[in-house]
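So that we are looking at the same thing, I have put the structure below in structure tokens.
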Amino acid sequence: MCLAIPARVVSIESDDMATVALEGIRKAVSTALLEDVAVGDYVLVHVGFALHKLSEEEAERTLQLMAEAGVLAEELEEMAAEAGA
Amino acid sequence: MCLAIPARVVSIESDDMATVALEGIRKAVSTALLEDVAVGDYVLVHVGFALHKLSEEEAERTLQLMAEAGVLAEELEEMAAEAGA
Amino acid sequence: MKYIREFRDGKLAQKLAKAIALEADPHRHYSLMEFCGGHTHAIFRYGVQDLVPANVEYVHGPGCPVCVLPVRRLDDAVELALKEGVILTTYGDMMRVPGTKQKSLIRAKAEGADIRMVYSTQDALKVARDNREREVVFFAIGFETTTPPTAVAILQARAEGLTNFSVFCNHVLTPPAIAHIVNAPSEPGEKPVRIDGFLGPSHVSSVIGWAPYEPAARDFEKPVVIAGFEPLDVMQSTLMLIRQINEGRHVVENQYTRVVTREGNRKAQEIVARVLELRKTFEWRGLGYVPDSALRIRETYAAFDAEKRFTVSPKESREVKSCECPAILRGVKKPTECKLFGTVCTPDNPMGACMVSSEGACAAYWTYGRKREAVLSAKGAAA
Amino acid sequence: MKYIREFRDGKLAQKLAKAIALEADPHRHYSLMEFCGGHTHAIFRYGVQDLVPANVEYVHGPGCPVCVLPVRRLDDAVELALKEGVILTTYGDMMRVPGTKQKSLIRAKAEGADIRMVYSTQDALKVARDNREREVVFFAIGFETTTPPTAVAILQARAEGLTNFSVFCNHVLTPPAIAHIVNAPSEPGEKPVRIDGFLGPSHVSSVIGWAPYEPAARDFEKPVVIAGFEPLDVMQSTLMLIRQINEGRHVVENQYTRVVTREGNRKAQEIVARVLELRKTFEWRGLGYVPDSALRIRETYAAFDAEKRFTVSPKESREVKSCECPAILRGVKKPTECKLFGTVCTPDNPMGACMVSSEGACAAYWTYGRKREAVLSAKGAAA
Amino acid sequence: MSGADLPPKYRTGNVDMTHGGGGRAMAELIEGLFHRHLKNPILDQGHDAAVFDVPPGRLVMSTDAHVISPLFFPGGDIGSLSVHGTLNDIAMAGGRPLSLTAGFILEEGFPLADLERIVISMARAAREAGVPVVSGDTKVVEKGKGDGVFITTAGVGVLPDGVSISPSAARPGQAVLVSGSIGDHGVAILSKRENLEFETEILSDSAALHGLVAEMIAAVPGIAVLRDPTRGGLATALNEIAHASGVGVVLEEDDIPVAPDVDAACELLGLDPLYVANEGKLICICEAADSDLLLKVMRAHPLGARAARIGAVVDDADHMVVMRTGFGGSRVVDWLSGEQLPRIC
Amino acid sequence: MSGADLPPKYRTGNVDMTHGGGGRAMAELIEGLFHRHLKNPILDQGHDAAVFDVPPGRLVMSTDAHVISPLFFPGGDIGSLSVHGTLNDIAMAGGRPLSLTAGFILEEGFPLADLERIVISMARAAREAGVPVVSGDTKVVEKGKGDGVFITTAGVGVLPDGVSISPSAARPGQAVLVSGSIGDHGVAILSKRENLEFETEILSDSAALHGLVAEMIAAVPGIAVLRDPTRGGLATALNEIAHASGVGVVLEEDDIPVAPDVDAACELLGLDPLYVANEGKLICICEAADSDLLLKVMRAHPLGARAARIGAVVDDADHMVVMRTGFGGSRVVDWLSGEQLPRIC
């Protein structure tokens, strides 16, 4: 539920409005639900509101974990293959 | 001014509504402005109201007068023509 | 169509034409003012002028309620129509009449005003019943003929407790207008209006009777013949007028006996008197302010009076400058004497009310009258 | 599309698939309830189930706000929309949901109701500003994610003095629903729901944080992994759940760390708390009445509460009799176990909300899931 | 989907936005309602476009948008009218119509049962005319952005060799004929207009004229002008011809056929029958010498039974239409100004 | 009336009911606005119907009603769209378009200046396509009974000998091609919808495809199916073909061209680009062996620069369209249900 998409803040329009970009698309969103939004932040956009900031660090870490899970699996697979060979 | 057409009352619908006919056309009109409207009467219809009854007798008399005016004119003409001949 | 077709008969027309030719004195000119647009329309629509001698001239009068409505009142109607929540109801005739800056009701409608054409005041009441959350204003125009249905509607609205219905009342009276015309000094530079007699109102008279014209006929020594609107009625009345003129008489005669009586329709008169009362003065296009020439809604019925229910802003209403409607309505000029006639001003792009109303003199000249001789005399046109 | 595309990467998916295959014990079955329709959608849209072993099964939960709205509330919305003078504003998702006798908002609109789809509560406010003579009702649905924008709109309306705006509030809460499901006795004749773990809400949790799920995980001994909505998020969370299950743990873990924190969005929580308060109980389709599971507008903002501003008539709301939505929302049945699925009930002619919402389990099965193996294995389909 | 399994919603439902969305609801509507009733081998191809053979020669093509209110009127409805209107435009160029297309613009909320009545009527009109509807299109607009149903039809036909009919071909000396009484369609419509309602037995004359035209052309291939006096009526059509041909026209009022009820309705409403619309009548201009033969041919056809010679083309630098009145005078017959509205003065 | 003496009202005025009344106001609008801009020898005949020569052979005919909102959008307007839409339907049957007709339904109050912009755009589109608008019709409806302007165009074309293209001609083993990126038109329109507005540089792809089609047919006369994926998008068009031909289709998600902004807008609004409308793209189904040649020909044409092979036709009794996802799974690609609405879940 709750379709929400991360988009980058490209300008702050007022106290509680900002423009976000997703590729070439720019859209005005309300930032009434967030404190301290800054240009360059990634925010999660839902029904025209920025709902939460996205942590770029955590995003990279998650991707890293996924890759590692795979690596581990592949290594085990290889080992198993070798062992079986 | 004041487009108004004589039409025949074909039925009385209520205290102040009647249906009039003009050829095959039937239309509901208000009779609020007239006393004693009866089926068969000719009434002058203006903006959906019967405005006045039409006297059939007077209508015939008028047509008669017109025809006579003509006749007189024609007779005079003929006399003039004869006189001139 | 009984009592219609008979009065358009071509054979009788020939007979009357001969009688008129015989009666008219070839050594004098007869200027007959047809007060009503209905006469104007009949004259042009049937080609009556083709059947009378050249020295019998019809002069068009102010008897077209659309034409005599001053521009300011039309502008007020446009303003009312554009008010939030208002539905303006009106007879079809008013839709295309140009107001200030050519703004007509049809243009206001195109801008979003809710304007509905009605055929009867009964339809206007129905619009009000069907749209109780809206304000329904009936834009009432017309002479004594059209006034009683307006009065009936107000009585009905009160009886039904319809609280969203009101009338923008512009009803005017014929006898004061006739008196005004024969009495009016000509404007600077105008040649005076010479009128030898009047074709008097037919359907107006069915309501008010013919007695009200007697003072004018007597005091200004002008014969008046109450004339029906069919072309034979016009011709017979022409004959009757020429006779009075030739005989030096000036009384009110009634050609339209099949409908008009001396006293008119008393019930209609009473209903009107119950709901409406005289205005001290009212502006007519062409005639200016004419005392006691119009009706307004009585105080008892103020709730149904759009002029009390709404405020309209004061405005600088303006007619097109060179439009000669005012002079035409006084019978002083002919449409063809207007510089705009047929060039700038046509029925498709009218500059004045006289070019819109089917009873307007300019519209009648343009639509039925202009240049037809050339076509009829062309090779191949033989009947 | 940064932070979107990366989480849909096919190569990483292959790696995670291998890790899951490796982690899953081939001798046991894993029933994982994805609480949210967002997960259901991702699983079907990207074909996640094609990438996990057959003994890892996704069970669809009640996390679709469109699906869990009881028919009576929808019927009430239709009634509101049909009231004279009302403009009902709503998110696009609600338009085609069938109410009693299949009457949806889109049909009410075809009957003349003024219903406007909005993308945001900001648009609903704009409709109210632009139509001050009308009553503008915002039909608010959604979980904790969608609630704060509704609260903001009410605060704005009050600040602006907008007197023609109100909210028909149907916001519901996820933690009570999760507790209800693991706690609920099965209906007579139903096989009990066996759930080994939960894919926990992602965007709901961005607002409320992940702490609120701890009691359920602890008390009912079910592992919960807060899972993002991209397909790699679902797969990684699946892996994390399998690990907890294999290890016999049952705690709340957070896969969606890039957005969700333990405490969530405090500012959003405060705004919601200022405007809305707990309802003692609220009906959910499938779950019945669940205590403390929904929000209503506080008395202070009663002027903006459509339930106080309008009266709706009591009604006998009825779902289609054989529709299995309730059982599906409890995770007890699959769409394919509904007799109507794909015959009487299709997305073009939906019998229940689960076939309308793009996050409904029936719609997901039908739109993305059915019979695709046959086509893919046809001659000529080789990649 | 075959006609047999048409869902019951077509009998009780309304058009909603999904019927125009391009999805299965629209496909069902098209198959279940339009194709079902308008069935013919070319339409059944199921293309967005129709493919068919034509005889060699010049092609005639025309279109008309139909926006009539009320949709159902005495003597027809928008469905039959939309077939007749375009067929007549093709026939007025001398063409033999071959095929029609139809574009529907439906207003959200319009009853599907009424839509079906209209499509059935359209199908019947096409069948009777012997001209198939070969391709179509359907759009749905939101409530309040349409008026029930608008139908725009287009048609093609072939022009027989040696025929050259054009509104600019009128020449002085030629005769002006009309195929029957005027004003029936407009009066039938007005009789059902809200606020005007009156009772009458007048039916719209809506009819396809290409059969009549084919017989006229067979008898007199050299017909100069054909025209269907639709909006604006006889008066406007003659003014258009006078304008296009650079000639004048003289009419004889007494020779113009008008049904008594049409005349009566016009009197009541303050209209002139010369300006009232027709949908199954034609004006024909031909050499004076051919007029008797043409009148004979026309009167032998059911759609020309009351055909009459109503005037003549004359030389006139102002391209005016003038009429000798039955009263014995004369009047100009001008173009229609604006719309013709019922009036009180 | 010549264009030179066009009254100033066309620059400042609004459509009113008189413009549809059949009188001189209407004639002026038609001459002063429509004929002035759409000028061509056939239209200039001034008939209600157009007459023109056609080469012998089979004729192709189609119509489309255009009801788009907003009327002006990035990359086009209802005028150009109404030309492209019908030309494309003709091209999708393999036809070479010859001529168009246009039926206008104008709403009372619509600015005449906007109408002129639309007509100018229509004239330009027709000129660029080399296909004249040969006949037209104009109706005016009361305010609140229309939506500014609706335009229904119809067109005819000729079908080259030996070409037989049909939505029912897809056979297992054939290749599915698309002429470029999908969804541009729909996203350009949505970006201007009230309540949704967002900024994008995406333009509608609205274009006339018959030139591209002519080159494709010249290279591979045996093309089986052509289809323009308009309302309902690629997904619905492929389902229609699968349904008509009795086959299945397998798509490769990664091979389907989608512009990044279209993708982004769809993410934001909760839409699927497969269901978003196109107005200048075509689907081509051909023998697998012909696909490389066709792609080469398409890519050499400006309107096919991003052409791609996106899937294959397979045997399937259920006539389904299935897609292998870039993620490595698979999904059904169903018909559109109802309308595609922006959504929150």
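To keep things simple, chains are lettered A, B, C, D, E and F as they appear, and every chain counts its residues starting from 1.
Simple rule for what comes next: contacts are C-beta pairs under 8 Å (C-beta built on N, C-alpha and C of every residue); 3 or more make two chains touch, one makes a residue touch a chain.
These numbers were taken from a predicted model, which means no experiment stands behind them.
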> Counting one step for each move to a touching chain, how far apart are chain B and chain F?
Replying inline: 2
> How many steps does it take, at the fewest, to get from chain D to chain E if each step moves to a chain that touches the one before?
Replying inline: 1
>> As a test of understanding: of all chains, whose mean C-alpha position lies farthest from that of chain F?
In response: B
> Between B-C and C-F, which chain pair is linked by more C-beta pairs in contact?
Replying inline: B-C
>> By mean C-alpha position, what chain is farthest away from chain C?
In response: A
> So, what's the distance in Å between the C-alpha centres of chain F and chain E?
Replying inline: 29
> Using the average of all C-alpha atoms in each chain as its centre, how far is it in Å between chain C and chain E?
Replying inline: 37
> Using the average of all C-alpha atoms in each chain as its centre, how far is it in Å between chain A and chain C?
Replying inline: 78
> Roughly how many whole angstrom separate the Cα centroids of chain C and chain D?
Replying inline: 71
> Using the touch rule from the top of the page, what residues of chain C touch 2 or more other chains?
Replying inline: 1, 4, 14, 37-38, 64-65, 91, 96, 106, 119-120, 123, 142, 146, 348, 359
> At which residue positions does chain A touch at least two other chains?
Replying inline: 1-3, 5, 22-23, 46-47
> Can you list the residues of chain E that touch 2 or more other chains?
Replying inline: 17-18, 23-25, 260, 263-264, 267, 270, 335, 337-338, 343-345
> Between which chains does touch occur?
Replying inline: A-D, A-F, B-C, B-E, C-D, C-E, C-F, D-E, D-F, E-F
> Any idea which chain D residues touch chain A in the complex?
Replying inline: 1-4, 6-7, 12, 14-16, 18-19, 21-22, 36-38, 63-65, 91, 119-123, 142-143, 145-146, 148-149, 152, 201-204, 206-207, 229, 232-233, 236, 239, 255, 257-260, 265, 267-268, 271, 359
> Which part of chain D faces chain F closely enough to touch in the complex?
Replying inline: 1, 4, 8-10, 13-14, 17, 37-38, 44-51, 64-66, 91-93, 95-96, 106, 116-120, 123, 126, 142, 146, 231, 346-348, 357-359, 366-372, 374-376, 378-381, 383
> Across the complex, what residues on chain F touch chain E?
Replying inline: 17-18, 20-27, 45-54, 56-67, 89-90, 92-93, 95, 99, 101-105, 134-139, 141-142, 144-147, 150, 152, 154, 156-157, 159, 166-168, 227-228, 230-233, 236, 240, 244, 277, 335-340
> If you look only at chain A, which of its residues touch chain F in the complex?
Replying inline: 1-3, 5, 7, 22-27, 45-47
> For chain F, which residues count as touching chain D in their complex?
Replying inline: 172-173, 195-196, 248-250, 252, 260, 263-264, 267, 269-270, 312-318, 320-322, 324-332, 334-335, 337-338, 341-345
